[in-house]
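Both of the next two complexes hold chain A, though its partner changes from chain B to chain C.
The block that comes next holds the complex of A and B.
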């Protein structure tokens, strides 16, 4: 079964012609193909895929994304009210200059498909550099079919007033490999929204990779949002690499999806850094959501806080694997991981697994993971105020997740996300 | 307005209320006092519709409508309000969102115009001022991080917004300092009207200095064992519950 997926994807890579015909990334594609050929496909025997069910994906013949559906493009790329962002839009994996905005002196964005020779050299040099070694079949797949992407550079010392939004939408079936490279210059501050969406009913498959490099004393607010539906398979890898005294804030939202998975690596390579990750993952119907977080503390005097909320309703399946690795030189590390989950039906499944690996002897670490149900006392309280049981449950579930949205400094984005959240909590059948 | 007849109820096979009778007319304030374990909170919960409480016999009607078969939300829509002894924290849901959902549901059921967002905000701000909670409490999570007194004032705020026919106050005075007690009492007194009734459940006479009842009932062993006017509370304060229990 896995062969079907692997063979078709390999065949696709061997004859792959990028949408704009550029050949300068062919070395990366070749390397990706080789890695993909050698990679083991997901199965329950492999620890990192143990709690997922990839059967539906693995029995597919993978094809390239076809022509986009223009009617859906307008709907999916509507601007978020009040957000006022620099926008870069990808439709079915290809950069759309006409839907994107101009940048200013402090931030430059270069699409791979429109890069000049000098820019191509910069991009080639950065691609894949931050992704840690290891078996990553979906990164290899993305490399083997590498098409378009964007390099975003924030000038040293710049303090971006507007957020930068990278919006990737899917309107058609097949595979897309949206790619994002972000370089935050020394001392710069920026908010970057990496957002993935798919039209309802479209059987799209993304293998998305983003690499974010924070310079010394830089601050990045990284919103990584994948709004799934029953037909969308989104597998993302996101690596943040932190320089000295940098501050990284991540707000990760994974809702729905045939599979909606994020492998999130926070690689703390500069001492004096702080990392704060907030995340929410929600599954209902037969959806699967998965966050695999890995925080690498490689240097001394850093701290990290991880706050995650998960929810599985109906026959949904949610996975959180939060690994914090404290290497032997990472003395005085303070790492705190908290992961709370709601299991709303007997048919739903939730796997929450914090993992601490500590090789230094002078550190402070704590982790906690809980799986619970809605508090009956709270439900009764709300009902005595006239709310139906269903409304009380929906509001309590919303509140549970809203704590993550409330942590977001970008309020227009949090407001935008409340709509799909409300829809998510309404009309659940948890019998 | 409220007519409870021969009510027997309990939880998990244990009968706590053993034939309780009480009639409350519009405009009246009834205090129900009694020692710990007498069934005071059980009465509040049974009237509020808390899951887990079983009624084995008897009836409770609000204006002729049987309350006991109703879901808690339907009782609220009929005009029953239960102020909790321990109001629950609901993190992530703002007071404003919660109140708005409650007002929309209850007003629609009672045939009142559902206020626009602007009007709702105005009403909420006024109620907030009346119970002396800062306005930013409306934006905070329901009871999240509130002190005991703030939670009780928040209960009164909700009561003011929902304009119930029958207000059940379950040990609203427990854990309150004297300032908070006065604010709560003023809130209650401001809502007294000829077409609204109150049942105030309390262990101590103190609250009744501020909310002066028309009737005082003593609950012991699941029954009303003595009824009287406001002066009965003072007598109880002086002599203790042993006096009544001994007599009963």
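The block that comes next holds the complex of A and C.
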């Protein structure tokens, strides 16, 4: 079964012509093809895919995304009220300069297809370099079908007042490989929103890769949002590479999706750094959501805090795998992971695996994980105040996830996310 | 901290006391493994045909299996053809009828280890001991007292002869022959082990204990233990093990099966002190063990307590299948690794019945160049209404060249269950040491107190004699606790 997927993807890669026709990245594609054909396809026997069910995807003959539906593009790229962001838009995996805007001298976006020699050098230096080694079939697939991505650069020392929104929308079926490179210069501060969405009912498949490089003393607020629906398969890999004394804040939201998976790597390579990750993952109907977080503490004197909230309702399946690795030299590391989950239905499934791998002694590491259900006493309390059982449950569920939304400094974005959250909590059939 | 670390390391570097070799004539099968080896072992034990068939079936399955790679351990793979699968002291070839017939050299071995075989010397007669030397059971004490209570406690080879119907019913019922690579190998070539049967309503009048020792060179030890507690029965069982210091790696691949019927209670404690190899990682025992219990009946209770200080490589997950409603599973563990020891150990709690409860307390201490892993699984099946789990695993690191890892798996398929998991990793904290020193407690004592406190939750679960032995084993001990 997996052969069908693999063969069709390999065939696609062998005849692949990028949409803008540029050739200078063909070496990267070749390398990706080779890695993909050598990679084992996801199965329950492979640890990193143990809890995923890829059967629906793997029996597909995959094809490239076709012509975009312009009406859907307009709908999906509507601006978030009050956000006032620099916008860079991908439609069905291809960067759209005409939908993009930057009015700040400190931030520049370059499409791979229009990069000049100097920019090509920057892109080549970064592309694929931050992704840690290991079996990553979907990164290999994205490499083999590498299309027109974008390089976003924030100048050293800049303090961006407006957030930068990188929006990727899907309007047609087929595979897309949106690719982002983000380079935050030394001492710069920026908020970057990486957002993936798909029109309802469109059987789209994303293999998205983003690489973010934080210079020394840089600060990045990274909002990584994938709003799924029952037909959308989104498999993303995000790698943040932290320089000395840098500060990285990630806000990860994965809701719904036929499969909505994020492999999130935070690679702490500069000492004195701080990393804070907040995340929420929600599944209902027959959706699968999955967050694989890996924090690599490679240098001393860093700290990280990870706060995750998961929820599985109806027949949904939620997976959290949070791995903190403390390398030999990473003395004085302080890492704390908390992962709390609600299992709302008897048909739903929740799998959590917080891992610690520690090779240094002078460290403080802890993780806590819980799986439970809504407190019956709280529900009762609300019912005595006149709320219906359903309302009470929705409200409590919302409160559970809200911790992550409240942590977001960008309030307009948090408000925008409350709509899909409300829809998620409403009318659940957890019988 | 370096001063403290030095002290601790000095303590940790102490010699392996059980490392002597007993010079005794033994009779072994030549090295090598094929169907004939399996037949030879079975023939020597005069086993019935059905058991031989069972072994051969397991052996056929084993040949198609691959050695597991997923554990966080790195070792020179075992050459299964270079091992001898059966070794017995020669003078015991016909089996001792009483202790007087046991080779005095053997008795001295056990006395050196602090396990007196003479019943009258036993601590107020509260512990019955089965002693396994290489591949055979040497002697079981207090058989008569136990028989009066209706308890069967013997070596498994004797039980095959005396109680074939029970063995046939339960052997492989908890750990099927094909369960995993090493359990399958064990099923094919297991030599001896203990068998315990507690009939309905009986509380075993004394603690039962088995002491294992690998003596012969290039021998694998494959023992098999089977404990059955019928309705309302209860038993506490202790297990200890040592091996001589040898430069080659010795293989120990045991299988332990526990069956608890309605309202039964089994408490299984292990103090494992196989030879861990020298500081450079030369030699030592590979401890690849499958231990599993099933709470088959309602309100049954299985509790595993383990103190793991030995073995070069450990791969061991004592598990409980909670099938009966309201059944309880417990796992308490202290694992200490030093030198170049590697331990990948933990537990599995499989909740199937309603209102089942499990508790996991795991404490890992790693020192020198060792690797210590907790790997655990808590699975709540869709049938396990109202299941409850609490897990706590803490690691203590001593020195900057060791590793401590935690890989817990939580799989929940029932929405009325509650699962909590906590893990921490730290070193012996400077603040705690400082506080103790401020109050006039010297560093050595302070470290000892802190480590003792760290392991307390587990040690209090051990029967008294074993708690003392465990304390000695941890060797950081100053006052007989653990440390």
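Assorted remarks:
Heads up, the rule we're going with is that the second predicted complex is superposed on the first by the 429 of 431 C-alpha atoms of A that agree within 3 Å, B and C clash if a C-alpha of one lies under 4 Å from a C-alpha of the other, contacts with A are read in each partner's own complex, and residues count from 1 in each chain.
Criterion: a residue touches a chain if its C-beta (ideal position, glycine included) is under 8 Å from a C-beta of that chain, and two chains touch if they have at least 3 such contacts.
Every value quoted in this text rests on a predicted model; they were computed, and no experiment measured them.
Applying the stated clash criterion after superposition on chain A shows that chain B and chain C can sit side by side. Annotation: apex chain A, arms to chain B and chain C, angle 80° (C-alpha centres, rounded to a multiple of 10). In the superposed three-chain model, the partner touching more residues of chain A is C, compared with the other of chain B and chain C. Contacts of A:287 after superposition: neither chain B nor chain C is touched. After overlaying the two complexes on the shared chain, residue contacts for A:381 are found with chain B alone; chain C is out of touch. In the superposition on chain A, A:354 makes contact with chain C only, not with chain B. By the touch criterion defined above, A:363 lies against chain C but remains apart from chain B after alignment on the C-alpha atoms of chain A. When the two complexes are overlaid on their common chain A, residue A:371 makes contact with chain C while staying clear of chain B.
When both complexes are overlaid on chain A, the residue A:391 reaches chain B alone and has no touch with chain C. Within the superposed three-chain model, A:346 lies in touch with chain C and out of touch with chain B [touch as defined at top].
Figure legend note: chain B and chain C, brought together by superposition on chain A, show a least Cα distance of 16 Å.
By the touch criterion stated above, chain B contacts chain A in their complex at residues 48-51, 71-73, 75-77, 81-82, 84, 87-93, 97-98, 101-102, 105-106, 109, 141, 158, 162.
Residues of chain A touching chain B in their complex: 375-378, 380-389, 391, 395-396, 398-403, 406.
Within the complex formed with chain A, the residues of chain C that make contact are 1, 70, 382, 395, 397-427.
Across the interface of their complex, chain C is touched by residues 47, 51, 328, 331, 341, 343-373, 430 of chain A.
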